[in-house]
Structures are given as C-alpha cells and as structure tokens.
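Worksheet for the structure shown next.
Chain IDs A, B and C follow the sequence of writing; residue 1 opens each chain.
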C-alpha cells in the first residue's frame, strides 16, 4: 500500500510539475534579418537556443535574408499570435517603426538586438553601437599609424544599404573625412563562394590603390585570409580591421592577416535580449540598454577562438 | 460519382483547393490565432503584393513564356519613384507615371528580344533580372530611399491606404488585387485576347497559321508582367515604409511556384487565374502558418518544395485520369 | 471554267538553290487539283507561297483575274485561301469551339472588349461536328486534342468550309491516318468541292489522290512537267513514271 501511495504521490507531483511548467512556459519570437548561411548568425541563434534550454521557455526563430517586407510580416504574425515577447534585429533604419507601435499597443515587449534603430520605439536595445564601432576601427588605423592623409581604404560589405554597413560607415567617415582619407564600399553578397570571388577580383584590380581594409561584416572579414592567399598578398602586408565574430577571423588575427577584430558577443546578445524581453513580460520594464563588444588583437584572440570552437 | 462531381474533381483547380482547405484547418487546429482577425489582415496585406505579380505571370506562362525579372522590377521601381520624388524632380503622381512607363518599357524590351531575336524568355529575362537589379544598386549606392512621409500623400492612400471592415484591417491594395484578378480572369477565359494567349502557348504555329499575331500578344504580356511587378513593388514600398534596392530578391521563383501549384501548365497552353489565386494563398499561408506554429524558419523551403512536388504529381495524375476517361 | 486562281511565272530561290522555276498553275472553280511530285520537287514551297507563309522571289498571283499580293498568312486567309496542315493547325488544349474560331472569334458587345460570343461558337461547333460525321455527342468545350487524328482533320476542313474559303489547300492531310479515317477525309474533300470550294490536294499516296481529284499537276525539280492529267484516263503507274522522269 505504501508503494501504491508513493506511486500516486509521485504521479501527482509530476502531473503538477507538468501543469506548472505548461502554465509558466512562455513563447518568445526571435526574428533575425540576416541569412542562416552567415556564420555570425549561427552564434546568435545558439545563444537563443541556450536561453530556451536554460529557462524552459519556447523560442521560435526565423531568418529573413534582408527581406524587409517578409520580416515585417513575421513580426506581425508574432504579434497576432500573442507572443509573450519579441526580440528582433533591424533590417533597415526606420523599417520597424510601425511594427513596434503595434507591439506597444498590445503591450507585447519588443527588444532590439544586434542592429540598432533608435527611431523605433523598442523596449530596450542589446548590442554594440555600430557608429561607435566604425569610429573605433577607423581611429585604430589612424592611431597605429597604419593610414595617413591621402590614403585609400577599402570597405567590403555583404549587403549594401543594410543598417550595419550604413552606421559603421558613418562612424568611419567621422574619422577619415577630416583627415582627407578616402574610401570605397563594395558589396560581396551573402554567399561565401561569391564573397571570395568578388573580393579577389577587387584586390586583383586595386592592389596598388588599397592602403588598408575595414571589413564591415563578419563574412567579408572572415574571408580575408583566403582572398589574400589567392592574390598572393602576405599576412600583414595590408592592415585589416573589422568584424570578428567567427572562427575564420580569430584564426586570421592569430596568424597575422587581420590586425584587430570586433567581438560582438553574439550568444550573449541573444541571451540578454531574450532575458530583457522575459523580464518585461513579467512586468519589470527594462529602463536601460545593454552594450556589448570588445576589440581584440592577437594576444586576446585565443579566448574568442576557444569560445567559438567550444560550441 | 455523379457527372458534375466528376467534372469538378478533374478540374486542375480542385487539387489546390483541397490543399488550401486542409492547410487552413490544420494550422487553425495547431494555433487558433491563425484565423484571428489580426492574422488574417496581416496575411492579406503581403499576399496581395506577390499576388498581383502572380496574376500577370499566369497569363504570360499560359502564352508559353517566363519572366524571371519580376523580382528585380519589384525592387527597382519604388527606388526609381522615390528617388524622383525625394530629390524634387517630380511630383509623386508624375514619378509614379514615369516609373510605370519605365517598367512597361523594360517589358517591351524583353518582349522584343524574345519574339524578334528568338531567344528563350528564360534567358532574356534572366539577363534583364541582372541588369535591372544592378541598376537599382548602382544608382542608389545600395542605400534605401525614404518613404516614411508617404502616408499623407493622396496617391499612397489610393494605392495602399487602410480601412477597417468589421474589425478587419484591410488595405486598398486588396481591392486592386481583386480587381486585377477579376479582370484578368475574364480576359483569359471570355475574350478573344484570352483565346489568342492560350493558342500562342498551346501551338504557336497553329495560331500564326490562323492569322493570330503571336508576337504582339506575347510582347503585351511581357509589358503587363513588368508593369505589374513595378506596381506591386511601389505598393509594398509604401506599406512597409521601405524602398530597398535589394527587395524582391527571389520573388520570381516564388511567383512561378504559385502559378504552377494553381494548375497553370508550365509548358503553356492552359492557364487558370482561379488556380493562381489558390496557389498564392497556399504558399503565403504556408509561411504564415509555419511561423505561427514555431517551425524553424530554416525548414520553410523543405515545406514549399514538398508542396510543389506534391502538386505537380497530383496535377499529372489528374491529367492522366482525365485523358483515360475521355 | 473561269480560273479561280492563276499563278504565273512563280519562282523561288533560297540562295543558289532554285526551289521553283517559272511555275504556272491554274485552279478553276469547283475543281480539285492533285499536286504531285517527288521529295524536293517544290510542292511544299509552292503551297507555302500560296498560303502566305513564304514570299515568292518573282511571279504573280491573280484571283479571278485580279492581281493580289499575299505577304502573310492573314493576307491569304482574308483572300479566302485556307490551308490544312498535317497537324491541322489546331491547338490541342483548346476546345473544339475555340479552335474553330481561332483568329476570327465572333464577338458580342462593344468591339474593344473582345468579348467572345461563346454560345454562337458552341452552336456552330455542334453543327459542324455533325456535318463532319462525328456521331458521338461531344460538347464543343472539349479540348480538341481528345478527338482522333481523322476527326481533327475533318474538323479543320469543316472550318475551312465554314469560313467560305475559296480555295482549300490540303498538305498531306492523310499522312498519319488509318484507312477508315482516310476515307472520311477524302469524302469530306469531295463534299467541299461539291459545296463550291476548290481544293489543292497534296499527298504522297497517289492512290488517295486518284480517288478524289479532278486534275493532276506534276512538279519535278521545281518545274511543272505536266498539268493536265485526268485521273480517269490514266493509271497510277503512268503518273509515277512522270513524277520520277522515267518517261523521258
């Protein structure tokens, strides 16, 4: 009889736990403007998945390859589904003003991650300050005497016109313009193979012109070694700085192809953004943003290499 | 089975209709929010933009041709219009007119290449896709055009202004879509031109032998396709407050899939607007439903591909049964 | 008999190749002409010129004494010359009614709308089907591809007759048909002549030609070598020899 009683108690407890979990498990939507083929987004996604595992909440994820209309549609679907919270990056400055208003009206917390858009009424922003990153990168090159007045800097980017490139360029311009340093942005697409092809073509044609390179995205910066090798450029011959959220780039920094790279802490960004969203959905409004990011050189590169390899 | 039921079942639109019904029921079961007013109005908003392109594509494919440049035109047209307006070159109405005229011109060029130079439309419009997209990127340096101040303009209201009906928020673009669907459906099934379109796709030589100007018919359809893509792009840019030169990438294949799923023959000669409308909703609702029930977005293509294959198999099976029956 | 069609001095060259040289051909009213010749004799070319598919390099065409110029298939059709091809110039997916009226759809309401009078089309289709001898009750909305080859050919000929064509050109119409269907088509050609249409009949099978035509014209190497042969007064073997030139 004791056995039966124990069994009953266990069953009831399990049942209660299940019931409790059902009741407290919330659904969050994690909406990214990027492409699943872009290595950095893999880590952002990993952060989101880790958070889901740790908290027991449900996180629905989606990618949009830069298609603004499709991303807006997905966000509206999340709102219609009565999401407990939404975390989204911004594909285009100003493109999410309407959508955030709709979320605000229904009291659904909506947190901005990765690419900021201050014109939209988000509950909070988690990520780096892209304009500031651009400024830092440009300043790094100037301070280390890697560029001087009259020099030309190449700025490869994956998708022209997307928020991140636009803002980074603003920061870069604020440093280079007064110094009379010129630059050019070219696009490389989101396809790895195509990226290498285009960058090789550009370097082959403009080798004599380029004095330094700033990689405005992870995919392009992560391709530098392959591009340099194919063009016969030695590591360190042309100074490179830029995004560094991938194993490709940490390796490049360790091997000397890239002077310094920006760690955005993609997993932490996702994780913290979701945390803020969950906090807001429980009635605690986040009255602050979270800034992430660190510029690393060869001495610190191994740390990030380990993090990235660990996953 | 009674005769009229047999007729309905053998119609190419029957399969898609059943699929659509099944999808709606399944998604609703999995998440009741699927049929919430908000979700319906959200779906209708984006669906009609692609839908407009699909309607024109139906006619073009019935005549035996493809237009792969529609996605590029979708992105390029609003960029052109908003550049003209934002730089003060022309009023919004004139910019709109110039943009549509440009789209018509591009369609004309595609049509001439296909009919006069006898290059397959697949190749011509592929080239056009690149030219138009490249132009959009080059001219804008990749930067999107601002359209936020659009809401106050009369034209914006006319094209995409929203209004509420019984709690459902709808956009004017829905009305445009319905009008286009009805007009083009009637054109295809009841008019002389529709007869010529089907004949051009079914047996162009026979049509020519009977005195039908096949080339002229096709050129007009290329122009329609281009103009519709431009029109849809403009509507989208106003509604989403974004005129991004990259937008529309990949839309051509999605639109062709919608048309084919609906029952229009890939090889031409047989087209159905009703079927296309079903196809439009099938594809868009699939996306909508997937997000709603939390399937990882990366798996979306698996579903779409499976549906396309299943529909092709179904159409082929129905065709064969129909042949055997007669 | 007054000449319905008079082709004079028709020549056609494709570069150095002379497909036709100074061909004269006359077709009278209510007459069925059989046009025979070996492969490459120029039969198809002559027909293409008459039907507007190809322009002549030189020569004239007159209809009932009046010079005409035929520069396109629609020209030929508007002059009353209809051509029945091997594949009948039919669109398999289109219905019988739509095929019949392809290019000449009867309209109702304001012309610019192009609204087809499908009721009228259906009625005419039904009666033509009966004329052509198709007993089964096939709705005119049936795709024409579901009719047999012979039935399709007959419908094509009925179409030519319905539109009051003066001259019906039949280019190898019995090529892919079975025995019974061939007889059906030949019968129909005779009917056409009896109802006031003239015909030019081209076939590889001389026996078919013999069964139907009033007069035989033979081409060889782009020239007319005989144009007055009465099938009732000669034999297949004789004509064969003329075609191959063994008579010389």
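Assorted remarks:
Following the convention adopted for this analysis, contacts are C-beta pairs under 8 Å (C-beta built on N, C-alpha and C of every residue); 3 or more make two chains touch, one makes a residue touch a chain.
Just so we're clear, the structure is a prediction, and the values are computed from it rather than from any experiment.
Viewed as a contact network, the protein chains form an open path, each link joining two chains that touch. Taking the mean of C-alpha positions as each chain's centre, the chain lying farthest from the centre of chain B is C. Here the CA centre of chain A is 33 Å from the CA centre of chain B.
Between the CA-based centres of chain B and chain C the separation comes to 43 Å, rounded to the whole angstrom.
Chain A and chain C have Cα centroids lying 73 Å from one another.
Across the complex, chain A is touched by residues 31, 33, 36, 38-39, 42, 45-46, 49, 137, 140-144, 146, 148, 236, 240-242, 244-247, 249-250, 287-288, 291-292, 294, 296-298 of chain B. On chain C, the positions that touch chain B within their shared complex are 51, 53, 72-74, 77-78, 83, 85, 87-94, 98, 101-105, 107, 113-116, 118, 142, 146.
For chain A in complex with chain B, the touching residues are 27, 29, 36, 58, 60-70, 72-74, 76-82, 92, 94-95, 97-98, 159-162, 165-166, 185, 187. If you check the complex, the residues on chain B that touch chain C are 190-193, 195-196, 198-199, 202-203, 205-212, 265, 269-270, 323, 326.
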